[in-house]
Amino acid sequence: MSDILRLDHVSYAYPGGRPVLRDVSLAVTAGRSIGLVGQSGSGKSTILKLLLGLMRPQTGDVLFDGARLDLSDRQMMRTYRKSVQAVFQDPYASLDPRQKVQAIVSEPLRALGIGGDRRAMVVAALRSVGLDGDILDRYPAAFSGGQRQRIAIARAIVAGPRVVLADEAVSALDLTTKVRVVDLFRDLARKTTLLFVSHDLGVVASLCDEIVILEGGRIVETGPTRAVLAAPAHAYTQQLLASVPRLPDFLAGASSP
Amino acid sequence: MSLLKVRDLSVAARGRNLVDSVSFTLDAGERLGIIGESGSGKSLTATAIIGLLPPGLSATGSVLLDGHEVIGAREGELTALRGAVAATVFQDPLTALDPLMRVGRQIGEVWERTERRAGRPHGKGDTRAAVFSLMDEVSLPEPERIAGAFPHEISGGQRQRVAIAMALACRPKLLIADEPTTALDVTTQKETLALLARLVADHGMTLLFISHDLPVVAGIVDRVVVMRTGVVVEEGPVRQVFATPTHAYTRELLVAAERFDRALGAA
Amino acid sequence: MTAVVASAPRRGASWTWRIGLALVGLHVVVGLLTLVWTPYDPGAMTGGRLSPPSLAHWAGTDRLGRDVLTEVMIGSRIALQVGIGAVSIGAAIGITIGIIAAFATRWRDDALAATLDILIAFPTLLIAMLVVAASEQASLGTAILALGIALSAVVARLTRILAKRVIQTDYVTAARVSGSSWLAIVREHVLPNIWPTLSVNLALQFGLAVIAEASLSYLGLGAPPPNASWGRLLQEAQGTVYSAPFGAIVPGLALVSLTIGVNLFADGLRDLADPLRRGRG
């Protein structure tokens, strides 16, 4: 078992603001998909920004394959970018409206100078997310939210990353679309390691091996998803679980074909 | 007598029907949910009911709200209907509130308008008392502080409670809630739903609850209408629709919702 | 899977930009024509002084007996040279500064923004006059450089605001996470996304530059004869405007038609500059 990414006693506060992360430690282990659950203000997006190398922690370290991540080390960052890719929440905002699908999906290949038949790599990435290879010359406006999110996932996997970080990546999708995209992430989690940030316990429960519960910038509970949900130890986890609206009992099994 | 009677309601934009021949009725005291995904026309249906369609959209058919026809009515008649008969709580309380006015004042204005229309004389002190009583009804803590705050100075859940208090100040017969908890955290959502359910029961209000979230809808209404691409695909009591869905789309929604529900284990 | 074809909103794009295009096109054709042919030799005394329009001199002659139409046609070429030159210089400097400011750290950006605001507070003409005054001799090149520098502050400020908006989008964050360099982000995301709005502004700046150069020439700070601009023609015709009004009216109309043309054309440019609005959405 090796930790690809680690947060080691990380704290963070925005200038002049109260701390958003307090002594957070967590590990992303190869092959174990991990769900980061918290409500607004829990610090989950800050953790993500740190893991994406978009900012530095004020105290503590972000470790990549055991080495301290240095944002100014070009060689290291290149390896890091190749290894760690991301999918964002809003598929309408995360695709450049003025780029064609080909340019969008091939961006990591261009940026990282990955050679070879880029077009074939883009088509392969699109196919693996259930999209046809003949959409290369179209703009994002031609696609629905679910299709856009598939394009965004294709971009994240085209360079063959070891970890995919997903930021509320299904929250903006309709329920029926959400199910399909969650299935896609589940397939993805078999090939790479997935860190899935979400406020939606149901989605994380159906997708992640491990769960991390955040509250007010602290990790309050962590463990295997099933175990934590079956017997939440922390009062906050219990409250969170009890707040999730549930389907009525009379439904049970009724809709199964 | 039914409080709301929608017959063959269509909403069109540039010759295309976004809502297509929607019909349903809502009896006084009933709680009806409209379930739908984006593009289903659920929110447009709600806006057409109160005659607030944005420019460029036109409604045809009939909407009888407390016996008054909404489609084709003059703005003056509609203004009287909105508030007195129907009040709406929207998804995003931040855009529904005036950012430059203290929230106590916003609740007070609605209350004063309602009193004026009813022809009841009132003084400054009456408004103040009414605002605090409304804030108490929606369980807003520290009424003094929150009444004096601007919308951005309070939490999302508190803002939605302010919006609910404003709706309540109209003493409406029909409360339309359009995705009222979608923007809220799950713990706040639970409290807000409980509040809405209590207020509807206490005041004998009729509820039209619009949402994409099946478990949320199931928990608060008696009857549901399922919409897809502007058309009603299924309608009936919650128990019936959820336990024995007849339309393939309803089944698809339920299968999807069940997936995430089951993953959480036993409730 | 069915693709949802989004209909791109078409706003502002009415037929009026075609009139603009026609007016600008007329000046371009005339300006190019003067390179090979003019009714008379520029600067040549061709007839009686201050003669009214006739078959020989469609727009009459000026106080030295030169053909007004010839001078005005050459003025078209000068005006286009000024517009294209000044806007090119202004865009090159302005876009560069604007992008640097947009990407700069907080205090550097603040300093640049404040500097630009101060520069913009000075009238374009005043800055241009100072630049011309600082140079040895008034020439067309100096005037173009001066106007380019003067309008670069406006371009820089607009670019900075537009670029900042683009930099904050999720797709730029996605580009950073993809490993794209700042330069790649500017080339692939920032420039294509600010260009539709920026190009409209540059077209308006073109019109302003033409007017500003006319003003400089009017003040005697522009290009010397024989390559006289409309501003100098106006100034020369000033003394005889009552006896021979055509000497002022024709260059005046030329100036107005080009600036109106450019402004009308700018409305349609937004659509032409944007791949999303061109043809299929």
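In order of appearance the chains are A, B and C, and numbering begins at 1 in each one.
What we mean here is this: contacts are C-beta pairs under 8 Å (C-beta built on N, C-alpha and C of every residue); 3 or more make two chains touch, one makes a residue touch a chain.
Please read all numbers here as calculations on a predicted model, not as lab measurements.
Student: Return the chain whose centre of C-alpha atoms lies at maximal distance from the corresponding centre of chain A.
Tutor: C
Student: Just by CA atoms, which chain is the most central one?
Tutor: Minimum centroid-to-centroid distance belongs to A.
Student: Rounded to the nearest whole Å, what is the centre-to-centre distance of chain A and chain B, using the mean of the C-alpha atoms as each centre?
Tutor: From the centre of chain A to the centre of chain B is 33 Å.
Student: With chain centres defined as C-alpha means, what is the inter-centre distance between chain A and chain C in Å?
Tutor: Going by mean C-alpha positions, chain A sits 48 Å from chain C.
Student: So what's the Cα centroid distance for chain B and chain C, whole Å?
Tutor: 53
Student: So which stretches of chain B touch two or more other chains?
Tutor: none
Student: Which chain A residues qualify as touching chain C in the complex?
Tutor: These residues of chain A touch chain C: 52-54, 77-78, 81-82, 84-86, 88-90, 93-99, 103, 107-108, 110-112, 130-131, 135, 138-139, 141-144, 147, 152, 155, 159.
Student: Using the touch definition from the top, list the residues of chain C that touch chain A in their complex.
Tutor: 1, 3-6, 8, 169-171, 173-181, 184, 188-189, 192-193, 274-276, 281
Student: In their shared complex, at which residues does chain B touch chain A?
Tutor: 37-38, 156, 185-187, 189-190, 193, 212-216, 218-219, 238-239, 242-245, 251-265, 267
Student: Give every residue of chain A touching chain B within the complex, in rising order.
Tutor: 39-40, 145, 174-179, 182, 199-203, 205-206, 226, 229-230, 239-251, 254-257
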